[in-house]
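In the two assemblies presented below, subunit A is common to both, partnered first by subunit B and then by subunit C.
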Partner chain A sequence: LNRADGSAQFSAGNTSVVSGIYGPVEAKVYEEKLDRAVVEVKFRPDIGAPTTKDKWMESAIRNTFEREILAHLHPRTLVQIVIQLREGDGSVDSAAINATSLALVDAGIPLKCMITAATCAVLSDDTTVVDPTQEEIDAARSTHTFAFASGSSTGPLYVDSRGDFTMDEYNHCYDLCALATERVLAFMRTAIEGKVTKEAKISAA
Partner chain B sequence: MASVKIVLPGDIIDTRREEDTTQQESNVEDEAAVIRLGPGLVQSSEAVSAVTAGVLHSNSETNRWWVAGNKRRYVAAVGEPVVGVVVARHGEGYRVDIGSAHDALLPHLAFEGATKRNKPNLAVGTVVYGRVVVANSVMDPEIECYNSNTGKSEGYGELSEGFMFKCSLGLARRLIDTKAPVLAALGNGVPFEVAVGVNGRVWVNAGSVATTILVANAIRNSEYLDAKQCRQMVKELLEKQ
Partner chain C sequence: MGEAGQATFAMQTFERIHPVEFQRRFLSQSTRHTGREFMQFRSLQVIKGAISTAQGSATVRLGNTTVVCGIKAEVCEPDVKQPSSGYLTTNVELSPMCSARFRPGAPSDEAQVGSEHIHRLSAHLLDLTQLCIETGRAVWSLSADIVCLKHDGNVLDAAVIALVAALEDLQLPRAEFDSATGMVSAERTMCHVEVKRGLFPATFTLVDDMYVVADADDAEEQMAAASLLVVMDRDGKLVNVWKRGAGLMSKETVELCVNAARVRMAEIAKALH
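And then the complex of A and B:
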């Protein structure tokens, strides 16, 4: 994105999400916080106008990132995260979280850690699928999305579980998602290293 | 620095170096060395962790560590040269847009040789080249258009005519180094003036509008080009003229 301070696109299967970051910019006087930056999230669906589901997603993503952005370094400012869903085929919330993580890094906004997310679905035949498609989610008995902080041994930053499930199924999904997010983190690290190396080479040349 | 270390937010940094481990037995004072953290690093309890992504740098003499990464949104820091646009006049000074979250304050008297009776009268929209004097997270930044220690303008002040455009912070830093290949290549071809602000804003003035636009385009194009490609790009632009 040309005009954004930072941007990233994250795709998993057919699901593709673009995240744009604007900030730290001046916050409106009635919105600003005196000791920290305000984090605002806008989520736009692929088709149609935003609905309450999208508003819920905005609030969920804001809660996840608000604690990890070092907002106290930029009081009285606004960090605006704009997420556009380009194509949705299940696991949209984890793709949105991953795209936003990368975009915040691109914008140079200070973060306590990288946040990576993965979605898992328990199907009617008791198998579990990571990164389910929309079809799999519609047929599943329960779906779970977890987001973890990189390098942290504390629990997940974001948990969304829907459907009927047992604690065993929940724990199994938790473990699967924890493994999946590690792989996502490795992928992000490679992507960021590629970009930084390219920039560093040009500076050194 | 043998290998380039790229860090991500959340990475714990090991600030001990190979030389330290051998010295620790012989020189006990070195064990409690003070480590100075620059941009991109914070201290979390006992450890140092990165908060932005970029290349990890360290200076062994001053024991300073920092992360160098490129971004587009400027955060003001004291002592940096910036190019700004006057957006308002107030009683105590001008409000200047330098690209940071809040506009900077430029006092009326912060110019060479300015007194209460004799001070410059800048219109809204004037481009100025200044130096950041006050910059912290809780206050609006302040700039001055002269060196307050010597009283001389040293190149700061109003920039008349010409054209100002925006670029990334990384490109701006590279341009400040006067050996920047694109500026050297352009200098061989056309006469021009340039003022580079580390806030990602560059002001260019050449003889004619066409030449000014040419210089501006050449600088913008050089973002991802290395020295050789820069020279080639400038050559092609000058030929087309």
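And then the complex of A and C:
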């Protein structure tokens, strides 16, 4: 996205999410906060008009990123996160979180840490699948999405576990997602380093 | 104001102008401003059948938070893809009547998120094929309206309990589909629907980034850094674990909350019956 201050596309399997950041920009007077930036999220589905399902997603993403963005550095402004689902095939929420993390870095918005997310599903035969497709999710007994702050291992930043599960299954999925997010973080680091070195070469030339 | 003047501050004035400090005075002493323990839930009162014009209803009082759920049943055609399934739609209404926080007009973000979350949870409650009158031709469509009458924190828990109670209260007339006329006629006998799993919610809030309290009231919710919803079914299996907000809650804290939710489940079951 070349009109946005920052953008990123995160794809895993067939799921593809684009996140665009606009900000910090001027906030409307009735919306602004005097000591910090306001964070707004808009989530657009791949097909159709936004529904309460997308409002739920917007709220989840806003709650997750609101405190990790160093909003005190930009009072009375607005940081707008616009997420467009290009193709959904399961694990959309973790893809959206990952795309937004990358886009915020691309936009140069000051962050406390990187936020990475992963989804896993417990299937009816008790096997666990990381990054499930929509088909696997529909057949699963429970699905779990976890997001973690990089460098902090005390606890999850975001949890959404649904279905029919025990505490043991929850803990097992927690550990799997923690590992998966480490890989996602490494991938993000490589992607960002690649972009920065490329830009450095262009400006040096 | 000098030190002498500060010492004579009325408690209510202090609460008004320094709400965060006021709460901290209690929390730092391991208690809460209403005298509750950190993991203590408020008293729960469930009254079924409050609305005579609805097919099912329930009023839930969780401390000062009051929520009413009314279920209306209508006959309609089923979805082509699921010809034997009825519908259950849920809607949460947070109007200015319940709290000064909400403005009149379109549903607030909080109401929409609440509606969506309860809708997802409600999928576990009923086997929708129970609502079938005639496959492919007529099914019951239940619309559950959950209205918050008074908002003193933790509306979500109260709303879930109200929905479950209203569904347990629900009575549908036995219906027959006449294929000749295409009409549905209702008999006099009424029957209940079977609530499949049961939902027992417990919300824990991380206040001021440090203290985890159960069933936060409005004043405590204002200082919330994060909140964790744990929903169990009657067998003690987990239905939903949902953490909102980015305040950090350790893995151990989550386990503690799940255990507290298990204890809470017995309290809710008692209030429902």
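Convention: the second predicted complex is superposed on the first by the 202 of 205 C-alpha atoms of A that agree within 3 Å, B and C clash if a C-alpha of one lies under 4 Å from a C-alpha of the other, contacts with A are read in each partner's own complex, and residues count from 1 in each chain.
As a convention for this text, contacts are C-beta pairs under 8 Å (C-beta built on N, C-alpha and C of every residue); 3 or more make two chains touch, one makes a residue touch a chain.
The structure displayed is predicted, hence computed values, not measured ones.
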{"item": "Fit-or-clash call for subunit B and subunit C when the two complexes are aligned on subunit A", "value": "fit"}
{"item": "Centroid geometry (CA): angle subunit B/subunit A/subunit C, rounded to a multiple of 10 degrees", "value": "130"}
{"item": "Touching partner for A:139 - first (subunit B), second (subunit C), both, neither", "value": "neither"}
{"item": "Which of subunit B and subunit C A:186 touches, first, second, both or neither", "value": "neither"}
{"item": "Which of subunit B and subunit C A:105 touches, first, second, both or neither", "value": "first"}
{"item": "Subunit B versus subunit C as contact partner of A:161, first or second or both or neither", "value": "second"}
{"item": "First, second, both or neither for A:53, with subunit B first and subunit C second", "value": "second"}
{"item": "Partner chain in contact with A:114 - subunit B first, subunit C second, else both or neither", "value": "first"}
{"item": "First, second, both or neither for A:170, with subunit B first and subunit C second", "value": "second"}
{"item": "Touched partner set for A:66, first subunit B, second subunit C, both or neither", "value": "second"}
{"item": "Shortest span in Å between Cα atoms of subunit B and of subunit C, once chain A is used as the common reference", "value": "15"}
{"item": "Common interface residues of subunit A - those touching subunit B in one complex and subunit C in the other", "value": "149, 152"}
{"item": "Residues of subunit B touching subunit A in the complex", "value": "4, 6, 8-12, 40, 42, 44, 49, 51-55, 68-73, 75, 101-102, 137-138, 170, 173-174, 181, 223-227"}
{"item": "Contact set on subunit A toward subunit B in their complex", "value": "5-6, 23-26, 70, 72-78, 105-114, 149-152, 188-189, 192-193, 196-203, 205"}
{"item": "Footprint of subunit A on subunit C - complex, ascending", "value": "109, 112-113, 115-117, 119-120, 124, 225-226, 228, 233, 237-251, 253-255, 258"}
{"item": "In the complex, subunit A residues that touch subunit C", "value": "52-53, 55-56, 58-60, 63-68, 142, 149, 152, 154-167, 170-171, 174"}
